[in-house]
Each structure stands twice: as C-alpha cells, then as structure tokens.
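Chains: A, B and C, in written order; residue numbering restarts at 1 for each.
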C-alpha cells in the first residue's frame, strides 16, 4: 500500500515541508532509506544522515533547524520518535489484521469463543476452553482442556498451551512457546530409578505479558506458576514449576529459573542467566548476562554479575585483577626468592 | 468433581477423623489450602500450618499427636506423603484420560496403530509407523516414516519425531520436543564453505524416559543416539548426534551435550551445563549448574563444578579465594614495597 | 532395500575384491559393522577394525596394503571417505524422497507453488507466499503471509516462519525452528511498565544455510535480520533482531547473539556462547564454548575464550593459575609472616 506525505502527516498530526503528494510504501532507518521509504530523525547524532538519505519522506522534530538543503519531503512533529512509533504500530496492525475461522480447525463443542476472533487452520481448541474477544489464535497452535485466554491476545503459530492454564488480556505468545508442561519432579527409588511426581497445578499469566518464541513455562506441582502483569520474556527461556515472576520484570533470551523461585518486580535478568531453585530475587535487581544466582538476593535495586553472582562492581574488580593473575604469581615467586636469599 | 472425606479415605486406605461427608474438589499445599481443597502434612517442619490452614481436609501420618484443635477433617494414613501422591496420580489420570482418534488427523495406510490409543486432531502418523497399545499422540504432533513408539507412551502436542526413531514403553515426550533432527556435521571445503554430511543414523529411546518441552535430540551420523532406560531430561536440552545417556541419569534444563559423548548411569547434570564432544562422564557423577566439562571424567561418583569443571570442593575453595583477589594484589604490593625499602 | 557389492562399486567407481554378489541393506561405522552392513576405512588409525569387523562390505583406499586376510568383501576406491559420503548422500536422498501435496493442507489461493514440491498434511501456506521448485514443506509447518522460499529447500515439520521472511535456495530448516518472531524491543514508561515497539522488519536468509531444531531468529525492528550464504546454525540458538551473520559462519548449539550485532564471515562460535548487542565480531574469529563476548572483536582470525572473552592463550594461562589460587594466598601469608618477624 502507498501513502502520501499528506496522509501520513494527518495521522501523526504534523506539518508537511515539501511535496505533499510524494508517496511511500515502506519504513526504514534513516541510514538505510531508499526511494519509496519513510524514515525519521530523533537523535541529533544522526542528523548528518538527513542530508544524505535516499528516503522519500523523513519525520523530524518541529524545532530542528536545517543546516543545508534536503532531498526528502519533511514532516515536522512535536516528537519524531513518538510519531514514527505511531506509524509502526499502524503498519503493524494492518499486517496482523486477521479475523475469522479458517478451515480445517478443531473447536470442541464445549469451547466458548469470543467475538471477532481469528482462529487459523489446524488450530486446536480443546474442551471447555474460553477465548476472549478480539483474540487471535494462529495456525497449528494447541489450546488444551479448560484453558482460559483473555481478550486482545495474540497466540502465534505452533504455540502449545497445556490444560488449565489461565492467560490474561493483551498477552502475546510467540511461535513454538510451551505453556504448562509438567514440572521436572521425580522421587528417587531404592533401585536408583525415579518415579514421576504428578504435576497437577497450572500456569497463571497476567495482563500485558509477552512470551518469546520457543520459551517453556512449566505448570506447578500444586498451585500455580505465576507470571505477573507486564512481564516480558524473550526467546528460549525456561521457567520451572512454581516459579513466580513479579510485575514488569524483563528476562532476556536463554535464561533459566529453577523450581519454586520467586523473582521480584521490575527486575532485569540478562541473557543466559541461571537462577537456582527455592530462592528469591529482590525487586529492581539487575543481573548481568550469563550470571548464576545461587542464593537469595534480598537487597533491593542492586546490580549483580558472575557465577556465583556477587555485586557487579565487586565482580568487575575481580575480573580486572584476574587478567593480572599469572603476573601476580610471578611477583610472589620473586618475593620468595628475595626473602630466601636474604 | 467433588469427593467426600470418606471416598478419599477409602482410596488411600485411611481413617477419617471429623466430618466424613465433607467434600473437596481440588488439591493444594497446606500453606495455600482453601475451603474445598485437600492437603497433606508429611514434614514435621510444617506442622504449624495444620492449625491455621483453610483446607477442608488434611491427610496426616497416623502417629501424629495433635498439639491443639484443628479445623479441617483429618484422614490418618501410614505415610501421608505416599497417600497424597496416590491421590495426585489418580487426579492426573482422570485429567489425561484421552482416547479415540480425532478428525482430521493423518494416519498413513501403512501405519500400525495399537489398541486403545489416542490420536489428536492434526497429528501426522507417517508411513510404516508403529504405535503401541494405550499410547497417546496429542494434536499437531508429527511422527515420521518408520518410527516405532511402544505402549503406554504420551507424546504431547507439537512433538516432532523424525524417521526411523525408536521409542520404548511408558515414555513421556513434552510439547515441542524434536527427536531425530540431523546431527550438526559438515566437511570444510577449499572455498571455505561447508558440505553437509548426510546423517542417516537414528535415535533410540529406552523405557520410562521423560523428555522435556522443546528439548532437541539429534539423530546419529551412523548408528544411534541412545537415551537409555529411566533417563529424565528437562526442557530445552540439546543432545547432539551419537550421544549416549546412561540409565537413570537426570539432566536439568538448558544443558547441552556435544557429539559422540557418553554420559554414564545415575549421573546428575545441573541446568545450563555444557559437555564437550567425544568424551565420557563416569557413572554417578554430579555436575553443578552452568559447569563446562571439557574432558573425560573417569572417577566414579564425584561432584564437579566450574568451567572447565574441576572437583566441586576445589572449585569452592577457588571461588572463596577469588573474592579476596583484589585484596591479595594489594598485599603483594605492600610486600614489594617493604622489601624494596629494606 | 538391498544392494550387491557390484552395484555399490559401480556407484562409487571402484573395484570389488571378493564376492561381487554379497548384499547389504544398511551403513555402519567399521567398529559397529554387522552382517548386512557396509562400512568404510579411511583413517589408518582404525585399520585394526578391518580385520575384526562383521560388516559384509568395506570400502577402502585403493593403495591400502592388507596386513592379513579379511572377512568382508572389499571395494577399493581412490578416496574411501569420499566414496562413503557419496553413498550416504544417495541413501539420504532415497529416504527423503517426498513429493506431492498431502491432504488436508492449507494453501492460500494467492500463494505461488513451484514444480515438484512436497507439501505435507497440516502445512499452512499463507497469502502471497512463494515457494520455489523442488522444495519440501513437511507437515504441521507454518509459512506466514508473503514469505518467499527458494528452490530445493527443506522445511521440516513444525517450522514456523513469520510474514515477509525471505529464504534463499537449498536452505534446510529443522523441526520447530522459528523464523521472524518479534524482536525483543520495549520502551520503558513512567509507571515502570514497558510499551511494545512494533517490529516491522523481516528476516533474510541466504543460500545453502542450515538452521537447527528449535532455533529462533527474530525479525528486525526495521530493515532485516540477515543470515548470509552458507551459514550453519545448530539447535536451540537465539539470534535477536537486526543481527547479521556473515558468510560460511558456523554456530554451535544454544548460543545466543543479542540485538544488532554483526558477526563476520568464517567465524566459528562454540556452544552456549553469549554475544552482547550492538557489537561486531571480526572475520575468522574462533570462540570457545560458553564464552561471553561483551565488546567488539576487531582483530581478524584470533581465538577467544572466557567471560568476558579474552585471547584464548591468555585465558588458558589464567585458568592454570586459578587452580593454584588458594595456594598463592597461603604463600602471601607466609611471606607476610616472614617479613613481620624480621
């Protein structure tokens, strides 16, 4: 689809400078702008690109004073970044504008389906499932018995949600994620084999949660594994049985949290972090990528690093000294030689 | 469904103390017990909860002497933990009681399907597949050509099993797991590209194995990747081509084992462990989370930690000294200053 | 299927020594050879197995001088390894010889499908998709709107490809991989919640790329996440938004690359490596398993290890000294005692 500078300016409440009829059909970074694309300039660091870009239209802040002539048509707005992200959202909504029920799909007669939903082909909606209004279930996804999914959710292709999971409003779950698989619980037997402990709890996911591709969240043994409102989980994350993740906490890719651990609110866990079981991580903690947290963090709002994780600044000091370690050994030897000689 | 105290007592062979007609419909931890739930007390550490819980029924050991009056109806049994886990299993079996063939599904005419199986909608059963009695294949799963699956197995939604894989009895494979993908084998060419080496082996999985969600197990280049009886694999684990995992070994989430490595029996690998290729790990080894094993472990029954992994106690000693490393450097400087002055 | 020694010799352009009519039906390693299997001997280290193997046929180099009598029929060729890998490829092609469109599948009327393709049951081909000639789309896979897939590709079962992704020729994508999921981008809000930033870029995958099972590749925020020609990715890898991976680079399992990072050509990343965002990794770099790269590598062709990654040899020296660290502390104490006494 093509849009004119004037049409876009109307959407973002701006003023056109240049050819109001110039058209674009895609969005780009200013440094990669091509004819037919619209871009934006918010960070003054990138101003030079404004004079060299091939983008057809650029959105800029209304107070920007041009240093030289520019080729693109300009749209001036209060905040170029905000205006551009409004366009991104509009474009995104156009792209993802799916609705209706594709065939063949499987919808159990006992399931309750809201208004204006999308259910893709080969999606499976099990017995007693409830799906809220305006929710999209992409193809090849599996919604197990008695699962509840709120309104305005997007469940992408090939997501698997086990029985009894409960999912809030405006939740996005990316392709291949698994919600509600059995917790990893086994009782050791006398013959050294393990007997499975039945996992009959469930998974509770709050509102405005986003869950990345191929991430796995195990159901609780008893009770619930809880992902609170506003949590953002990246791809390939593992959350074990009975874990709780606090409001607005962000977890980067490939991190794992072991069973029964409670992570606080507004925490940021970097990628490939490991968190031991049965501990707590205080609110506002920040944990560097690849760290290993092996005991509870009780101080609020600190930065942690390393395996086992200690305060970030202490870890940095150790890492700097580590680089000198072979040298330190030599200095000790020299001291010993000096002392022995004396 | 609701059950009375008397009905439950009959199942677990116990004695009711209190209202035999009191009903429950769910199971809970004693500290989270609500009206309508049944709980248990096995660990004396939690005895206080017995006097405060809102659970309607609590299962306790027959020899427990009450310190004060209790609100819930009690069921006394020989071993409260065992009795409760019998209930868990019974509940679990009720939940997972699927059978029959849902439509549409794809069952190749050359496939052999056992008695009393469940095949969910959109499941794909390829040519020459054999599926044992009482096995459940959940929706959207893919069973490739000539795969054999034993009796009493559960293959959850969206599992993908490549051709020629052989799976034993009572195996559980969680959603999204991939069995039999190609090993990662390439021959470097003169132009610096890589030529794929065809991977024509298979995957052999023994009896009573459990495989976690989104775990991947590659087929052998030649021969078999082998997962022996009783092995338990958590979520998001990677097992490369020609790996062998010994009987009753347990592997926690996000661990990876490289090509042709043999892990012994009764080994415990923590989460996010990495094991190099072409090595062996002795029976009864225990490896701490996030460790990296880069050469064979030949001593049986030891505990290992760190990257590269060394004995756990040595690693702990190093970690303690590491915390003092910046201080050690200063002490060396002071010694040098003293010596130089003298 | 069975083949005679003569038939195989004709395929690999060899000379039979022994019974030309002897038949085999499978391929094996020489140390695991059984009656009915064919094997090969290329590495002189394994020559002893030639005299003990139970394989029915063994392919050997034409210049090999036998040290004693052998049981198997021999096929002599210029290069036994090459000959065997030709057989592997032939066998592999027989196995994977799928074609036609299985029902039920979902092919949107606006999709363009090439000649001689395989589309498995429950595969979903969305609007405006283009699929090249001789490409195989296995069951339960999802090809989103406007995706382009070149010729001679193999998309295994349960792969999920989001809209607008573009995939080259001869690409292999293993089961459960996700291509084009949203980048992990959120703008922090005043109330400490996060607002999603729409991700409208795409994923570009070159020719001759292989992507492992359950690996995830996020779409770009704007522009493209780029996987260049000849790249080989193992299982459970995470590539974030706007990452670029250079030609013929190889990445082992469970490695993660953060947003906007550019990895050069002919790089080798070991397993479980983490690479920070917004950095570059120079051509021909080699990075040891479990390393963490937290800043740009600008030197070409070096070996790196550790977290944070430093030169491999420096890291090895540090690791050796680390083992002595508790001892070093004691030596410092002794020195201090000596000095204080003196």
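One rule holds in what follows: a contact is a pair of C-beta atoms (placed from the backbone, for glycine too) under 8 Å apart; a residue touches a chain by one contact, two chains touch by 3 or more.
Computed from a predicted model, the values in this text were never measured in an experiment.
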| item | value |
| --- | --- |
| Overall pattern in which the protein chains touch one another (line/ring/star/complete/other) | complete |
| Rotation, 0 to 180 degrees and nearest 5, that superposes chain B on copy chain C via CA atoms | 120 |
| Self-contact between copies chain A and chain B, residue sets same or different by half | different |
| Chain centre separation in whole Å, for chain B relative to chain A (CA means) | 26 |
| Contacts with 2+ other chains: residues of chain B | 104, 122, 140, 158, 176, 214, 236, 254, 272, 322, 325, 328, 332, 335, 339 |
| Interfacial residue positions of chain A with respect to chain C in the complex | 27-29, 32, 85, 88-89, 91-92, 95, 102, 104, 120-122, 138-140, 156-158, 172, 174-176, 208, 210, 212-214, 230, 232, 234-236, 248, 250, 252-254, 266, 271-272, 289-290, 319, 322-323, 325-326, 328-329, 332, 335-336, 339 |
| Chain B partner contacts - residues on chain A that touch it in the complex | 104, 106, 122, 124, 140-142, 144-145, 158, 160, 162-163, 176, 178, 181-182, 184, 186-187, 192-194, 196-200, 214, 216, 218, 222-223, 236, 238, 240, 254, 256, 258, 272, 274, 276, 292, 294, 307-308, 310, 314, 317-318, 320-322, 324-325, 328, 331-332, 335, 338-339 |
